[in-house]
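Next come two complexes, and both contain chain A; in the first it sits with chain B, in the second with chain C.
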Partner chain A sequence: MKSNKKITRWCIYLFVLGIILLGISLLSLCVGSAAIPVRKIISLLSKASDSAEYSILFNIRLPRIILGFAVGGALSISGVILQGMFRNPLVEPYTLGISGGAALGVVLSIIAGLSRRLGGISLPVSGFLGAILVIILVFYLSIRKRVLRIQGLLLYGVMISFVSSSLIMLLMAISGADELRGIVFWIMGSLEQPNWLLIKTAVWVSISGLIIAYFFSLQLNALSLGEEDARALGINVENTKKVLFLLTSVLTGMSVSICGIIGFVGLIVPHFIRLLVGNDQRILLGASFLCGSSFLILSDTLARTIIAPTELPVGVITGIIGGSVFIFALTKFK
Partner chain B sequence: MNTLLEIKGLTCGYDARFFIQEINFSLEEKEFVGIIGPNGSGKTTFLRAITRFLKSQKGTVIFKGRDVRQIGFKEFARKIAVVSQNQPVNDITVEEFVLLGRIPHFEKMQFLETAHDFEIARKVMSLTQTSKFKDRLMRELSGGERQLAFIARALAQEPQLLLLDEPTTHLDIGHQVAVLDLLKKLNRECGLTVIIVLHDLNLASEYCQRLVLMREGRIYKAGHPDEVLSYQIIEEVYKTVVVVEKNPISLRPYVLLVPEEERRARSKKYGKEE
Partner chain C sequence: MPLDKIKTAVIWILLSFLFFSPSVNSSPEEGLPRRIVSLGSTLTEELYLLGAGDNLIADTLYCQRPPQAKLKEKVGTIIAADLEKIVSLKPDLVLATSLTNPAVKEKLKNLGIRVVDFPLARNFQELCGHFVELGKVVGKEDAAKKIINSSREKIEALKKKIQGLPKPKVFMQMGANPLFAVTKDYFLNDFIEFAGGINIAAQAKSGLYSREEVIRQNPDIIIITAMGLLAEKEREQWFTFSGLNAVKNSRIYVMDTYKLCGPTPVSFVEALEELIEIFHPRS
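On to the complex of A and B.
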């Protein structure tokens, strides 16, 4: 009886968030420096053509929407998982130093001129390598006697973030004007990504991430009581922590290396959804994924339309809207 | 009576320091045993060693003839439930909190509670009288209500053995009695075996069939409250002067403490008289 009621409520949340996501995606397809009405989009969908509008829709706007879906979702569920695991509402995907590692990798490859020699794919690849190195480093520093110490993860992560951002500043200080521009643009984050292979990878990684996270949703619920109580409920706490740390690391590393550093999504979306649906990870994960996707697509749409044709960095928009909406929500709900 | 738990030569601690040493202890089914002792005597460590939260360096813990190290996490949680010292809780309702106790009973690919899980939750909430505030958030509850919710969650695991670590700390005497009366009732009527760590010697004396007194990580004395709670033993272990009397109603021993000023005044007075 009651179980059914809960499921119905959860389905409604997911349905509404799904509709919002579709609406925002459609809006994002329509607006831009060249507005395309919805009717036109439908007719373009049915038959391919080589018109400029077709090209704008499917080669420029649609890839950004798909990437926004994947990355927004991945960052949001990483935030949900990390906040649940650390029992700390201030933790976000970038706290653990993974973004710092990825950024350092990218900056190094920009300065070494790898992108000129190896093409566009070199940046994400070097970013991901940087992220992986940091993951391994933080993981091994935090393990003592086969126990993954959560506080250790946090402290080492924050320290590695500091070290890598200082190194990036150092590299920026000694780099030439062209490279500096490339670095700044990359760091501010953007959904512009011409490579379909990377976009597909992002979609696959984030959806598989969501599915894996669901297998650990009950464990995360139990972990909200603290490690000792979770263990008393029959949870293999050590395995859970390790798998979830690796999962969030891969999701974050993937997002940062493809899109640069897009802040606030992984911090604010989980909080916002928690206010809305409560603390149960079984709904929190799915709802946050959808909400994060919508939020990032919307921010990106605003970033490219507010002062079109000039494009603002999407991280600026996520920060401004995210921060103010969240402050509003907090004062409203509490 | 069958032996439920048998502990042989158990030694364990944190890092290289041993907090409990060479513990030998056995527990019959349906017993109600209290663990008492001064601060730092290893009471909590003893419980944590049974729950395997601490790895034992030496010795074995045998539950119903099986070494606990060979019992999987989930199966273990279906047999033994723990109410640890009050931990901070986040914003979930009492009912959601109690339902978490059903996790050990979930099948491998099960994500949602079944009707049976809700039925058990309903039952344990009515038993612990937490039903009336089941929709309130955990952090809104008073200390006593919260403690009852913790016990309800542990009962939702449908355990055979319940371990409690100082469940009456910070509670007023009304709530202390309510919690212990509930445990006693569960012990009598449902056959639940209970091990409880208590600071309050008088509560331990009134409710427990058997007491285990710990000192410096070892069992100093175990037995019926009448045997354990003698003033010689308590003065020796707690390093303080006490008076032990009998409760006229339950006929169990109760312990009175004597402040130092009174002790001095007395000894002066008697000294003069002598």
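On to the complex of A and C.
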């Protein structure tokens, strides 16, 4: 009886968050520097045309919304999983050096001139390769006697992100003006992505990530009690840790290599949702995904409209809004 | 009935990310561009020089010269251009620079809009090349060549005037903290050489330069540019190094960023005249 009630409550949460996501997506579709009246949008939705308005809606605004959905969700569930696994509220997807590795990969490919020769796809690919390299490095450094040591993961990850950010600065210092600009654009982070294939990839990776994470939600619940207790509950702790670490790494590596570094989403959203729905990973994962998507889409909408026609880096908005809303929520709920 | 419409719309949105691929617009019409968007302040200025200012429909917030350029529709700054705004203006040509966000350029091309990229010139020769290129694109090639020839002639005359004069050692900086010097990779180096100076940082690999090295090489002249309000402060700081020749003779100058850093073939000559005045005051 009690669990039935819980499931009803969870469904309500998910439903409400889903409605919010839909609302924010529609809002994002409707606002922008090119003022298109809502009535026109509705008529454009039902039939295709080759007008400029149609292009703006479906080739400029829609891809950003879809990418925001995928990346916001991916970063948020990575945050949920990592915070649960490490039992540390400060851990976020960028803590483990994955973003640093991706950034280093991108910077190297810009400096080597790969982007000029191979076109736009080379940056995400080299970013992802950089992320994979760091994942493997951190993973093997942290394994002792077949045990993946959580503390080791954290320390090696943090150190590798310091090393890679210093290396990036080194490369920036010795690179020429043209390369420097490419690097700065990438580091600022943006949902502007001309390649549809990458956007589709992001959607599939993040949704599959959510599904896989959901299969491990009970193990995660146990893990958040501590490794000893989880083991006592009969959980295969080692396997769970490894799968979850790889899963979050792939999700984060994908997000960073496609959009650059967009901070705060993976840190704040999980905390916010935890305040709202409690600590059960089964609801936490889905709710965080939806909330993260809404948050990133909303931030991006603000970033491109607040001082239009100039576009702000989306990280500026996620930082300011996310940080202050979170502080507010924290004081309210205490 | 309307419910059906909404239903199809919703399904369409849901499926769009699966099947959607960017629509390829009809190729740009033959003939000269009539609706130009410029994403660089130098490009805007050059369009007016070429007499194509009337076909310019929009530019950036940084485009201040000539005064008419200020009145055009604005599509953001040079580095953060608003894609939506550009598309809504239905341009047939977008002029981009290497400061334009690569993602924006690619997206515009995907949408079937013609984008012509003008990388920053690394020397006067390239500056002229780009200018002729721009002339070709907007159908004013002859005007472009004429302007360049007249600039070249003026520069030759100036060079002749300073021939044989002693060459001062010059340090030109574009940034402080960290100190950033003009090396041979920047076209500003051409200013120094054309004006009969020796750039002490010409051979450096990157613009990052140590202050000690500047003091060791002891330049006769220091020129500070591209630093806005910080330039005066930087000038004061140089004056604390009393051993420098440039300090002893009080030859540290702050120069107008606009003129030096975004030159057209015409304003290049003007800035060059100014520099020659500084390098060879008695000539």
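By our rule, the second predicted complex is superposed on the first by the 334 of 334 C-alpha atoms of A that agree within 3 Å, B and C clash if a C-alpha of one lies under 4 Å from a C-alpha of the other, contacts with A are read in each partner's own complex, and residues count from 1 in each chain.
Quick note on the criterion: contacts are C-beta pairs under 8 Å (C-beta built on N, C-alpha and C of every residue); 3 or more make two chains touch, one makes a residue touch a chain.
As the structure is a prediction and not an experimental result, all values here were calculated from the model.
Visitor: Should the superposition on chain A be reported as showing a clash between chain B and chain C, or a fit?
Guide: fit
Visitor: Please work out whether A:Pro309 is in contact with chain B alone, chain C alone, both, or neither, and reply first, second, both or neither.
Guide: After superposing on A, A:Pro309 lies in contact with chain C but is clear of chain B.
Visitor: Classify the contacts of A:Gly182 with the two partner chains as first (chain B alone), second (chain C alone), both, or neither.
Guide: second
Visitor: First (chain B), second (chain C), both or neither: which does A:Leu276 touch?
Guide: A:Leu276 sits against neither chain B nor chain C.
Visitor: Once the structures are superposed on A, label A:Ile60 by its partner contacts, choosing first (chain B), second (chain C), both or neither.
Guide: Second partner only, chain C.
Visitor: Nearest 10 degrees is fine: what angle do the Cα centroids of chain B and chain C make about that of chain A?
Guide: 150
Visitor: In the superposed arrangement, which partner chain does A:Gly32 touch: chain B (first), chain C (second), both, or neither?
Guide: After superposition on chain A, A:Gly32 lies in contact with chain C alone.
Visitor: Touching A:Ala173, do we find chain B (first), chain C (second), both, or neither?
Guide: A:Ala173 contacts chain C only, not chain B.
Visitor: Between chain B and chain C, point out the one touching more chain A residues.
Guide: Here the partner covering more residues of chain A is C.
Visitor: Just checking: does A:Asn236 make contact with chain B only, chain C only, both, or neither of them? Give me first, second, both or neither.
Guide: After superposing on A, A:Asn236 lies in contact with chain B but is clear of chain C.
Visitor: For the combined overlay, can you note the least CA distance between chain B and chain C, rounded to whole Å?
Guide: Comparing every C-alpha of chain B with every C-alpha of chain C, the smallest gap is 28 Å.
Visitor: Starting from the residues of chain A touching chain B, keep only those that also touch chain C in the other complex, and list them.
Guide: Common interface on chain A, chain B vs chain C: nothing in common.
Visitor: Help me check something: in the complex, which residues belonging to chain A touch chain B?
Guide: These residues of chain A touch chain B: 1-3, 6-7, 87, 214, 217-218, 221-222, 224-226, 228-229, 231-236, 278-280, 282.
Visitor: Using the touch rule from the top, collect the residues of chain B that touch chain A in their complex.
Guide: For chain B paired with chain A, touching residues are 51, 53, 72-78, 81-82, 84, 87-92, 96, 100-101, 103-104, 106, 111-115, 117-118, 157.
Visitor: Okay, in this complex, where on chain C does chain A touch?
Guide: For this pair, the touching residues of chain C are 5, 8-9, 12-13, 16-18, 20-23, 25-26, 61, 74-77, 79-85, 87-90, 98-99, 101-104, 106-107, 110-111, 119-120, 178, 185-186, 205-208.
Visitor: Taking the complex as given, what residues does chain A use to touch chain C?
Guide: 32-34, 42, 45-46, 48, 50, 52-53, 55-56, 58-62, 66, 115, 120, 173-178, 181-182, 185, 190, 192-196, 199-200, 203, 304, 308-312
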